[in-house]
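Two complexes, one shared chain (chain A), two partners (chain B, chain C).
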Partner chain A sequence: MVVINRGAHAEPGTSLEFKTGNWRSSECPTHIHAKAPCHAACPAGEDQQAWFAWLQEGHVEEAWRELVSANPLPGVTGRVCPHPCETACNRVSIDTPLAIHNVERWLGDEAVSKGWAYPVEAPAEDAPCVAIVGSGPGGLSAAYHCLRNGLRAEIFEALPEAGGLLRSAIPPTRLPRPALDAEIGRLLALPGITLNLRSKLGRDVLLDELKHSHAAVILSPGCGESKEWNVDGAVPTDLHEGLHLLREFMDHGQFPEARRVAVHGGGNTAIDLCRLMKRHGVEQVTLVTASALPGPDTDPNDLINVVPRELEEALEEGIEIVEHATVKRLIMKGSRVTGVEIVALKKLLGTDGRMHRIQFEGTERVVPVDMVIPCIGERVKADGLHNLLNRWHYLDAKDAWSRTDLDNIYAIGDSRGDRGTVAEAIGDGRLAVQAIAANLKGEADPQADDRPEMPAAGLNKVYFGAVKRTVPPKLPVGERTFEAEIEGDIGRLEALREATRCLSCGNCLACDNCWVMCPDNAVIKTAELAKDGSHYLFDLDYCKGCGICAQECPTGFIQMKEDTWHEGD
Partner chain B sequence: MREALEGSQAIARAVALCDPDVVAAYPITPQTHIVENLSKLVAEGDLHTEFVSVESEFSAASVVLGAAASGARAYTASSSQGVLLMAEVLFNIAGMRIPLTMTVANRAVSAPLNIWNDHADSMAVRDSGWIQLHCENNQEAVDTTIQSFKIAQDTDLPVMVCMDGFVLTHTMEVIDIPTHAQVRKWLPPFVFKRALDPSDPKSLGALVSPDFFPEVRHSHHAAVDKALPVIEKVDASWAKTFKRDCGGLLTVEGPEDAKVGILAMGSTVGTLRTGLEHHDGPGAKLIKLRAFRPFPADALRAAVAGLDSLIVIDRAISPGLGGILGSEVKSTLYGMPNAPRIHNHAIGLGGRDIPESIVGDLLSSIEDPDAPAFSVFDADLSMLPPEDR
Partner chain C sequence: MTTTDNTKRVARLAELREKFGRHPVEPQEKHYQGGSQRDRQPRFCGLESGHRACQGCGEALAARLVMECAGPDVMVANATGCLEVFTTPWPQTAWQVPWIHSLFENSAAVASGMEAAMKAKGKNTKILAFGGDGGTYDIGFQALSGMLERYHNILYVCYDNEAYMNTGIQRSSSTPHAASTTTSPAGAERMGKRHLKKDLLSIIAAHHIPYSASASVAYPADLQRKVRYAMGIEGPTFLVVHSPCPLGWKHDSHVTIEVARRAVECGLFPVVEVERGAVANVMPIREVRPVADYLGMQGRFGHLMDPNDPRAVEELTHLQALADYNISHYNLRGEGEDPADTAGITLVARDRAAGES
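Presenting the complex of A and B:
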């Protein structure tokens, strides 16, 4: 029985008797550490938001360590990756995406110059050893992640130097050799990785042997052979394939004589080749591609698959790009090409319900050229892998962990046929090794990260102002050579400034908004880190479910979700 | 010691004798001299108190509320519009059952602006739950002021001492001011059991839901009712020590067998007394009502027993009803066997002078069978356009 005192004053603590939590109707606030879209989009599995968070606090080495927990080659990917992270960046809804690749590159270079140690330990002498065929980005990533998982790695590389296509097919103007050498040199020097150079599968080492001598085999041979190309069966007798020309030029600095060239294709190899030839003195370089150039109405599936910066630079340098087109006919004088007839393509719905590219009658035109160079893609060189190749000359990998049909054999990177970037190869290497490590311990495959992605609409943009994206210096067209890197270094100050532009999508900023604004004091601030990684707990005994915290959470870390709590829980 | 003092000056001296811990007030005519004199006593070192100069009456009331709630003997004073600006806090003080004392120098409430005396201000807050005592003269005002501190702490209720503005506050009278030692002996130190204390925290005035509110209001009403015997007892105790009283709840004078009575509050009583003394004809009883809240129903019924007619004098009106005091007297006497007929008149509104001769007019008016149940008695209706009479 309540006895009301004189003047009806409240005794201390009595207001806590009012469990306002039971006024809550349907939803209650929940902490949801959603994936930042950069992280979700990164084929290498980097959590850009996490390393930008370290940078925001001025911890540069910690940022690098966070970065290389997924991708050991930031100096490389910062230069060559088409950075889908930037395309996905939620800052687009405010101004322009973060310059993630510039900061990534700077972190990679900073680690090299400061000599920061990779966050790995030497594996035990008797640790299981994984054989890795190929020392391209996929193989290097796999070897590194072996160390992170307590395994040893033995790499077999056919060529005299490690690096795969990073060395053989990417011009130094994009990836200077000192930067490449420094980063992969540091990685290969880690204890627990053995590198066998000039060790070619099928000649010096056999897959069957590796299967027996090693705990698992990761095939990362890349795609070393150009796809077959002809126009209605016609092939010029002096045909030069794009990848071949590129490699020749990287080795000897020479191209065959030509005044006017048509390149047929639409990938990074094609663009690199076009630019090198133009710079080498070819008067007219025309790229004929079935894809589209970026524009406001361009279908993303139709977009030319090259690093955006490279495309922009190619256009600056005077490369003519004919989009939505293909080579219909070769115009030959004897066995020599004198021109190509090109025709416009249009995507139309076929009878099978799919979109097909149809040649558009009446749009044919002739481009006079001395040379036509196919750059339509590559496939796996069969050496030592005959029985494994599918009809398209790729290795069949059947799951996210890159397993093949053969026990303990994994196929990663370009050789899978469904990849095409350095970052994808790096991601494949990491996932394959994680699966191998789990299998060796008799565990199930690691859990995929199925957290939801944080959309721009989930953020409260009131808390984020527009801040200009940092644009690093770039060599003017006239000063571009075959060696000097075209895009400049962002530098420490600008990198740290750029980090402050990160919106921390889905991640608690510890801004105290929820704690300050909760009208019921139902947000409790904790000194210790709570289970969900934040410093806040919801006291659902008193939360009325008003949603102010979720509304005022800048990053979408607080979301209103179905209320499954009952009084006394 | 007997001294010739202005009413306000005497009140300031009386307050000082009670050793208030906190004084906060904002000046307003005709209360100003009270605050000025208190301020002067502080400045001259005769009064040691926390004198808080505030920027409004709302703040003045809030300061004394806080001070008393934390265990201080607190005092404030106001008038008219000032009382109205305090209104919200006055309800809070009473609702929280905070004992403190306030002087109201009664003044009309505008508009039209009028600085002179009637009872509209204290009547406007009559339902706030304060004890309201009215004083006939400055001696009573001094004595009641000192008594009010004791009544407040004995009842856990705030006490409003009402004295007529100008008529009392600005009038020089010979007043017997007790000595400091006498008052200290008679008035115990201030003790407030529910005082705020950091080591025993509590929250005053917090939300009370419908589950408890009616009970809280009932207990407040009962507490004000129960103050009736306390007011009488304190006055009796005062009389024992100081050999004079203030009339307890009410006083009755005049011939035992009188058939007509006149009831009034405040300084009007003195005017009526003199008027009756000079009036020829059958005598009338004079009833001086001192306690307006709590309303002394039993004492009143006893006082009017045997009367055929009772003239109730109001110094304020409730437009659309009539006299406030008159209505309350009627409702109190309702159902009483042989209750007198009530003649209710408002006089002296806004400081209109009340002459002694009014007694004759009042007494002869009851002979008129067509007289209205209520009138603004001294209004000259010929000054109004016919449609507004």
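Presenting the complex of A and C:
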């Protein structure tokens, strides 16, 4: 130690010798990469924030690769998904949510047209093979994730074409067949996936055989059978079920003759059917649903479960929707329907603590119709699965990895009974395969992502301006046919512009606010990327714990947390 | 250089680094790539860590921002005040440039002498003079006026935290109307300071100097642009930086920036540029806030927040009228989208790389 006296020649002593870090009283700034709400809400497990970040940097192919690390069918989900990600988007607190589905669809189409290779490698020749029953979105996702986990996949499909309900139940106006074929075709062409068409479970293959010949079996048969429907025991003789009618129409382009139709149900099948019938020339189409239409006070649990865009288009096209109602009685002439009696109904909490559908006496009214079509949901077709079905005709899956009671047999997608979207099936496929891969290696189940979610209140919205959401082109009502896709492509410029609206919730976007606004130079900017994904370090030797960085961080990536630092660390 | 020499040099460097926490860069090493993460940062750090400013100090932040784009070829004359005290606790200094402190009232005069000396030596080193609002609005005012009149090539920066914070929060001529300080306490007799905040910028502008401006720590990009602009001017320039003081203003340390931002957004602290006495540029406010949003965050205005006290209501209304006057006087209401407005200048975005991979 040099002794310095006043007036003597002094060596310059820098204040860096004095560590102000021990001034912190309780908390210190911490980098926390919280989940963006879009990611948390995505049943397929996509991290939208991550791929929007790539887009913001102009790296389109990387964005697509990030996207397909979870969901191999962005061109499909971008068109058919009810996008819970957009509902969850924090930008709602500033203006309107990001048009995530439009950008996702554009990325999917871009990958097809540019021929970008899926981020998978061919599995080893002797890699274990997983049997997958059904080639719907769940089965396809499972097969793809087998490759990502170094496994081979063999798909068994009863029909002559792959695609499951994407092909049989979704109209081309929503999902044009060329787009579907291109994406599925690219996926199935990956080395390591074998597809057996016209191989029906129970007829061509047996579950018991698959159990022995393959490392694991994933059942994704979907729901191919309509639930039984009657009104107090009455069923018209010429009853047509919704899903059946939809399939017939997609195959033959015909509906049975009718002038006035009532559709009973509240899902995408019901809405698709209503719109097709209206376009086909049915004068009056009435949808009777127990759920509610979206409104400012609608309880999300009570909301009609359809893609919001589809609902909007249906109303545009003149479909009459009767919400909070059910069909109470069929008015028959002989065995033909001439009208339906509709009664108001609501799902209410009963004294037993469960939700009940309560009909309100005195609200009955009669709507004259020629045909009534039930669209109240589907269940698993029993073929080859008799022993596995529960009393509601679904497969019981007992955990997040979709295990059934039988060893090495997994049940995913719609067949679980607690699912209902393409995205959920895709997510199930990924998780089941991850569990299978871990099992085969003798490891424990993969860790679920239990990071906390970043709420809108955690952002500093001062740093984000309002930017208009992109509006995709749309066919006018008069020009809608049975083939042409109704919602158009937003194109590259709009997709990249839309990406700039992403708030990067919970993730560093390198704005430099912490670095610029620290009064103590305790934030250090680095050229190297730190482990937490940022270019900033906290120098806790000097940080006084004022909290400015956490307050001014636009994305909530910096939070004040309990101080565990000790001098000299 | 032999290997032994090199080893010795490295050992000596390590020794010094151990002692001072920072390596002394050898003059011959122009592009020193070693050192700690701290040393490799892409900015000049004229005011280093380890200074003794309070948590969340707006003045420490402002001074660092100024030094960042003024340095390294500068010398500083510093008036007495917080900045002087917390940066130079003997025998240490946080300054990485030559720095002189003499008295409270004479930083402008000392700077004038330094400038004359540099001129005599034929050097281009720019002289900065720093002072708080006490050393600028009150005690050093006539020295400052003389410096401006003599047309020295100096940038004078006033860190305005609106009271004598170093000595214990006494009111200065910069303290806003109705703020409570230890010498203008709010109570039965008075609602805080009775007088108005001195309009220093207009007085400075009356010296007909090339450039004077106000800035705020809430808008670092704007502040630094003004410093760079002033550094490029041959002649006297003046900058007043609104710097919240968590201790004296009585707000939490983490809202320093938010408080400063609201001061601008409500119109009480207009951010303007004056060239040769004429207003050349203002930062427009897109959405004007009521002054209560700004005042309500601070304990020094706490006595104004009681809606049942007629005296409080009167003073609050008075402050709102002062803000409204500023807005109309400087025409601060921006029209349409403007990248230089209060919101536009702070918007953040992930940098977009030029090419697509």
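Quick note on the criterion: the second predicted complex is superposed on the first by the 552 of 569 C-alpha atoms of A that agree within 3 Å, B and C clash if a C-alpha of one lies under 4 Å from a C-alpha of the other, contacts with A are read in each partner's own complex, and residues count from 1 in each chain.
The rule is simple: contacts are C-beta pairs under 8 Å (C-beta built on N, C-alpha and C of every residue); 3 or more make two chains touch, one makes a residue touch a chain.
Here the structure is a predicted model, which means the values were calculated and not measured.
> Can A:Q48 be said to touch chain B (first), chain C (second), both, or neither?
neither
> Touching A:A522 in the superposition: chain B (first), chain C (second), both, neither?
second
> Just checking: does A:N408 make contact with chain B only, chain C only, both, or neither of them? Give me first, second, both or neither.
After superposition on chain A, A:N408 lies in contact with neither partner.
> Could you say whether A:N513 touches chain B, chain C, both of them, or neither, answering first, second, both or neither?
In the superposition, A:N513 contacts chain C only.
> Let me test your reading of the model: by the given contact rule, A:T286 touches which partner, first (chain B), second (chain C), both or neither?
neither
> Of the two partners chain B and chain C, indicate the one touching more residues belonging to chain A.
C
> Just checking: does A:S15 make contact with chain B only, chain C only, both, or neither of them? Give me first, second, both or neither.
both
> In the overlay, answer first, second, both or neither for which of chain B and chain C A:N90 touches.
neither
> Take the contacts of chain A with chain B and those with chain C, and give the residues found in both.
4, 10, 12, 14-15.
> Name, in rising order, each residue of chain C that touches chain A in their complex.
These residues of chain C touch chain A: 19-22, 37-38, 40-43, 45, 47-58, 60-61, 64-65, 87, 89, 91-94, 96, 217, 220, 246, 252-258, 261, 343-344, 346-357.
> Touching residues of chain A toward chain B in the complex: what are they?
It comes out as residues 2, 4-12, 14-15.
> Where on chain B is chain A touching in the complex?
So the residues of chain B touching chain A come out as 95-98, 156, 194, 201-206, 208, 212, 215-216, 219, 223.
> If you look only at chain A, which of its residues touch chain C in the complex?
Residues of chain A touching chain C: 4, 10, 12-20, 23, 53, 56-62, 462-465, 500, 504, 509-511, 513, 516-522, 524-527, 537, 539, 541-542, 544-548, 550-552, 554, 560.
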